[in-house]
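Take a look at these structures.
Both complexes shown next keep subunit A, but they swap its partner, so subunit B is in the first and subunit C is in the second.
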Partner chain A sequence: MADQRWIAAVAAAVTIGGGAFFTVRALPPDPTPVAGFSAPFVFGRFSVPQDNPLTEEAFALGRRLFYDPVLSGSNDRSCATCHIQRLAFTDGLPKAAGLDAEDLDFSSMSLVNLLWGQERFFWDGRALGLEQQALLPIQNPREMAQDLEGLVSELNGSRQYRRMFRQAYGDVSSENIARALATFMRMLISADSKYDRFLRGEAKLSEQEELGRKLFMAHPDTKASLRGGNCIDCHSQFLTSGFRDGLDGFSNNGLDRDADLPAGLMAVTGNPAHKGFFKVPTLRNIAVTAPYMHDGRLRTLEDVMDHYNDGVVVSDTLSPLILEADNAASPPGSFVGLRLTDNEKAAIIAFLRTLTDETFLSDDRFSNPFEGEK
Partner chain B sequence: MPAVKPQFTNILLVVLLALTAWHAFWKPDPPNNQLRLVFTAEANGKDLVFDQFLYENPSGPGQFRVQNFRFYISNIQLSGEDGTYFEPDSYHLVRFGSQSNKSSIELNNVLLKSYSSLSFSVGIDEPANSSIEPRGDLDPNSQMAWNWEVGYKFVVFEGSLKMGESIQPLVYHVGFSENRRDLLFTRPIEEDLIGTSEVSFKVDVMKLFDSASVLNLAQLQSVKFDRQDARVLAENYSRMFSIEEN
Partner chain C sequence: MMLHNELKGALPALLTAALIATAPAHTEAQVREESHGVVLLRGLPTLETAHSIAIVELDPEQANFGELLSEVEQPEMTHPLHHLYYSPAGRLYATGLDPVCSLAEIGLERDATGAPQVTGFDCLDTQGQMVGEDIMWHSSNGKEYMFVTFMGGLGGDDGGTLGVFDPQSNAVVKVIEARPSQVGADQPYIMYPHGISAFQDRMIITSTVHPDLATGVGNALTVIDLNSLEPIQNIVVENEKPLGFPSSPVEVLFARPTMNENIKPAVLVNTMFGFETWKVPYDEASKTFGSPEVLYSGVANNTAVPLEFYGTETELFISHALPGVVKRYDLSKLPELVSTGPDIQAEAGAHHMIFFKSKSGRDLIAIQNNLLNLGNAADNDPTDVDFIAAVNAHTITVHDLATGERLGTVNFREKYNKGVDNLEGLFGSGFVHHH
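And then the complex of A and B:
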């Protein structure tokens, strides 16, 4: 009888202890939610995928991956090769440099305030979320040419990466690589430009900047004697990026005639009404992201204003809002363009310059973590 | 009396405990009926087709195509025998596109058993229109926002008019609090609201140009900030909706 009790007690202890051991082993890591996360009220609602909450550990891991050339097949380029912080995460080139010494088809895109605005990514909207997007450049043979299995085993070979993955998510896996990169990119928030400070009541715009702001925010109406640059028809008032709802964040802004019109969004939706539609880009930090447009064809902001003012090329899918917006009353159809004065064009450019956020461009949290280690 | 086995007492206790807990947490659900408002965009009695020059200028030359058509519906109310239900935060964007000429609004928590009248506004009330707070489908960073000093567009129509070889833009953006229109629909009989029910509305886009006033689109290719023109279109869009009886 006494023996039996003794055996039962030992069995129970072993079961409980063993169970606890396995539970602890299998328990997900307990990462720290990003503390004091806040975003300007005027940016509006945002959502973070439930299976990838913003945590300090994921951010630190994502930042390291973003800057690590190990992500490319020949370990010689990282995301930051084409997305440079000083340039608001663009690369200063008309079209990004491909591995085959030939240019890619598109210009690198600024990475900022990606939690808001259009939820599809790339100029033609082919990526449906940041987690999905993040693995594409890695595997693209012309961008980073890295096979994912190879990358996972390379990362598994590093004690530091194993530790960082364990703290953030668990295993080293391609899903977790994507999640970490997405977290880093979601945290790239620019909200301290002069325009933001103006919106918070902390700064005053100059007379010229204020005129530019008004023109940016108005669709012209000659009948109501209202002058405008109609930028807000596509670039939202606070975010300055494309709209979030449906495919509202894509448009044809009149760069090419029908014969040369690239597929753009049509390549993704198959709808001919979307031919030549491209993602409306954010204008935040626009003064440092030259050259402009999906193929970098416009060198300066002056060129951009000349385009909208009298360089618009008509095609079948050109936005009716661009076709219609004109500051001079004239017989319909006789002219396409804004017909602003030189002063007004300069004012809009002055306003665009208020979107530069020095705090963001030099924020240590977004900089290359390897530099601090050396 | 034979002693009750201890195991039995234990089971009894557990059952009693479970019953008490169930009693404490279980509450009868309030009537939680759903009503779906389905809007179908039509023109000339048929489903609206986007992106093709299929429609005649009502009072002038040329044919037009529709490239964008959407509006805000707000402050939905139902009244019936057991009272009136106001949907909270009732701001809905109704939009159509080449993929679908239907758009629906779900009222998920209607606290009525039946209703005999339904009302909503086309457009937005003054307090919400002059605020940048996101409520319902109101979003100051969306296509429907003019800018925070002006407020929201209530009804948006964009397209083009083809006259011979020439293609002209059509842009009708109508807003301003004065152009909100309140519509009331009464049902011939009290309609049940048990479970999930549906009510259908036809939205006849031609009525935007051809109802209270008949417009020549070649002469009025855009309406934005001119108050007089905006009012003309508001009178027309208040006639665009009809409830489908079945």
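And then the complex of A and C:
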């Protein structure tokens, strides 16, 4: 009888304790909205998925995951391996290096101001949102080669990660890994370059930079004697990224002839009209993200300007905005290129250098959290 | 295992390919907040409300049509802010009627959900220039400036100035003043300037009416040489005087080939008390203006108080406060006024407007119907001035742009106990051409 009472008492304690345990586990997280959020109004409207609001806990978790090699199958590669903060989250290589020692197909894209602009990600637009984008390199056998179930298991083995996931979302899961990484990337806002300060009325551009700004913003019109660099036709005025509407943020910018034209967006849409289309990248911090283009073929900004000036290769899907942009009057089809002067090209490059945001490139909030723990 | 991983990796891409489609334009319009207007609201003294700057939803298809999404009040100001303008750098400015704030920069920001907020406004130093009206950004000798007309100028019975500001620092660069009583007979003058427009190195401002609406009324345009930043010519635009007053030219549009390559340069101007729209031809080569001619007579067409010019890519719209209509013309045929369809029937005081798409993709025009920031004597409102009370509907009407059909009305007086004095798009101006 005494044993039975003891067993009943233990059972009750276990039940109560277990109930409490499950009660605690079942409590929904109550994360903190990000404090002091600030973004230039001119960047325009943005929306964040309702099931993944910007919170301090999600940002902290996403930052840690971004820099943690545990995300790769071999535990030696993190997102930051190919997205380095001081290079505006690029890697300085023409094409990112694959695990098999071969180059990947594309260069590493800069991660900046992702709340705005085109909502399809990767050079070929194969991801429809940041949550979807975040998991693809992790699973790609040539990039991080990580099995998601295995990753969840590894993260569940860490008391710190269990706590951080619980505070941000609840459980450790692949969905929540994606949400946290997406939150970190959404918070990578660059808005303190010289150009931003100019827009706010806090800085003046030099004469050369101002000429470059005007050229950047103008489509050439020989009838109106208007000289232009034609940049704004693809790179928006404030964000300098591709446009958000539909597939406007993708373009064939004249790098290859038809025979050599890669699939680009066509690989995703199946539409031959999209052959050779690649995502128009942001030009924010462009001076530190060399080399340029989807395959890193152009080494310097001077090379880029030369390409648009007289190196454009005509193909069937070449952007009509490039095809018709010429600062010299000539019969249609006789020449494709901007035909800017050397001074004008230098001015555009000078303006592009005003897009470098040193605050962003060294912002502690975006840096490797593990370095602070050493 | 590798094959398995590759298949798993390929699945999202395949799904993407299956789902990918170009988002319809109307969806994008919603993303751009095209249906959000920034409005300047006037507190009505008898209704004990304060002036304010607000963001309002203007798409009748939205459940929150007519709701204020954000509002900042200005209880310290006797007279409200007057006209809103976005600078080329995307900064939002407002002119003001109160001498304590004749020009202001308005703060806008977004919270972490992306929702827009009005954060307040900073009154700028105008060096004594009062009653700000219109703003235009244009260059002089290759350098861009912010030009502001101040209908009260530095004060006096024949005052009025054109303020030239540094567009970065907002500092006054020059105050252009040329009172008739100071410059002498037959010399170019500036008096009660309101409307402003420019082409190349010539700027046109209008001589409208003394801010007290009693001391004096103008009847001329002033041509400013943007090389010297000095007035060089006056052009009288006056014919019929249906009210017995001088014509009071108000808004002006320098029609120019940069708006449409078919346009031959000419100045279009509306006369508030003459009820007319005038054309003044301009010869680019000689930089000379031709003889003014009446293109449109309100007396002959039963309209009065023509006010604003607004343009889309294809049409020019002119608002007429009475009976409250917006007339539409072919932009490519300017400077001639070639109608493109029936008038849009707004309400008394038809004035400013913006263009945007509805949630379902319908092209809309929203028209602010309120002539001046003045109330009605019937409400014991001390700001009433005779006929003006009859042209203050205090509404924004929203119409189908193609047919003119009215789809919704926001009556600010009924809904918020306030008048509505100005309307601009929240992100971007909401129009292609204005000055």
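Keep this in mind: the second predicted complex is superposed on the first by the 349 of 374 C-alpha atoms of A that agree within 3 Å, B and C clash if a C-alpha of one lies under 4 Å from a C-alpha of the other, contacts with A are read in each partner's own complex, and residues count from 1 in each chain.
To be clear about the criterion, a residue touches a chain if its C-beta (ideal position, glycine included) is under 8 Å from a C-beta of that chain, and two chains touch if they have at least 3 such contacts.
Remember, it's a predicted structure, so these values are computed and weren't measured experimentally.
J.: Do subunit B and subunit C fit side by side on subunit A after the overlay, or clash?
T.: Aligned on subunit A, subunit B and subunit C clash with each other.
J.: Contact-wise, after the overlay, does A:Asp147 reach subunit B, subunit C, both or neither (first, second, both, neither)?
T.: In the superposed model, A:Asp147 contacts subunit C only, not subunit B.
J.: Name the chain, either subunit B or subunit C, that contacts more residues of subunit A.
T.: C
J.: Should A:Phe46 be classified as contacting the first partner (subunit B), the second (subunit C), both, or neither?
T.: It touches subunit C, and subunit B stays clear.
J.: Touch check for A:Leu54: first (subunit B), second (subunit C), both, or neither?
T.: The answer is second: A:Leu54 touches subunit C but not subunit B.
J.: Which of the two partners, first being subunit B and second being subunit C, lies in contact with A:Gly333: first, second, both, or neither?
T.: First partner only.
J.: State whether A:Glu324 touches subunit B only (first), subunit C only (second), both chains, or neither.
T.: A:Glu324: touches subunit B, not subunit C.
J.: Counting only touches as set out at the top, which of subunit B and subunit C does A:Ala224 meet: first, second, both, neither?
T.: both
J.: Could you tell me if A:Arg159 is touching subunit B, subunit C, both of them or neither one (first, second, both, neither)?
T.: It touches nothing on subunit B or subunit C.
J.: Using the superposition on chain A described above, determine whether A:Ser38 touches subunit B (first), subunit C (second), both, or neither.
T.: In the superposed model, A:Ser38 contacts subunit C only, not subunit B.
J.: Mind checking 73-81, 163-171 or 199-207? I need the stretch of subunit B that runs into subunit C in the superposition.
T.: The one stretch of subunit B in steric conflict with subunit C is 73-81.
J.: Does any part of subunit A touch subunit B in one structure and subunit C in the other, and if so which residues?
T.: On subunit A, the residues that contact subunit B in one structure and subunit C in the other are 42, 44-45, 223-224, 237-238, 244-246.
J.: Can you name the residues of subunit A that touch subunit B in the complex?
T.: 42-45, 116-117, 217-219, 221, 223-224, 226, 232-233, 236-239, 243-246, 248, 271-273, 320-321, 323-324, 332-333
J.: Would you tell me which residues of subunit C are touching subunit A in their complex?
T.: 2, 5-6, 8-9, 12-13, 16-17, 19-20, 22-23, 25, 28, 31-33, 89-91, 108-114, 116, 167-170, 257-258, 261, 427
J.: What residues of subunit A sit close enough to touch subunit C in their complex?
T.: 33-34, 37-39, 41-42, 44-48, 53-54, 115, 120, 125-128, 132, 135-136, 139-141, 145, 147, 198-201, 203-204, 223-224, 237-238, 244-247, 267-270
J.: Any idea which subunit B residues touch subunit A in the complex?
T.: Residue list for subunit B touching subunit A: 50-51, 67-68, 93, 95, 97-98, 132, 134, 139-143, 145-149, 158-160, 166-171, 173, 218, 221-222, 224-227, 229.
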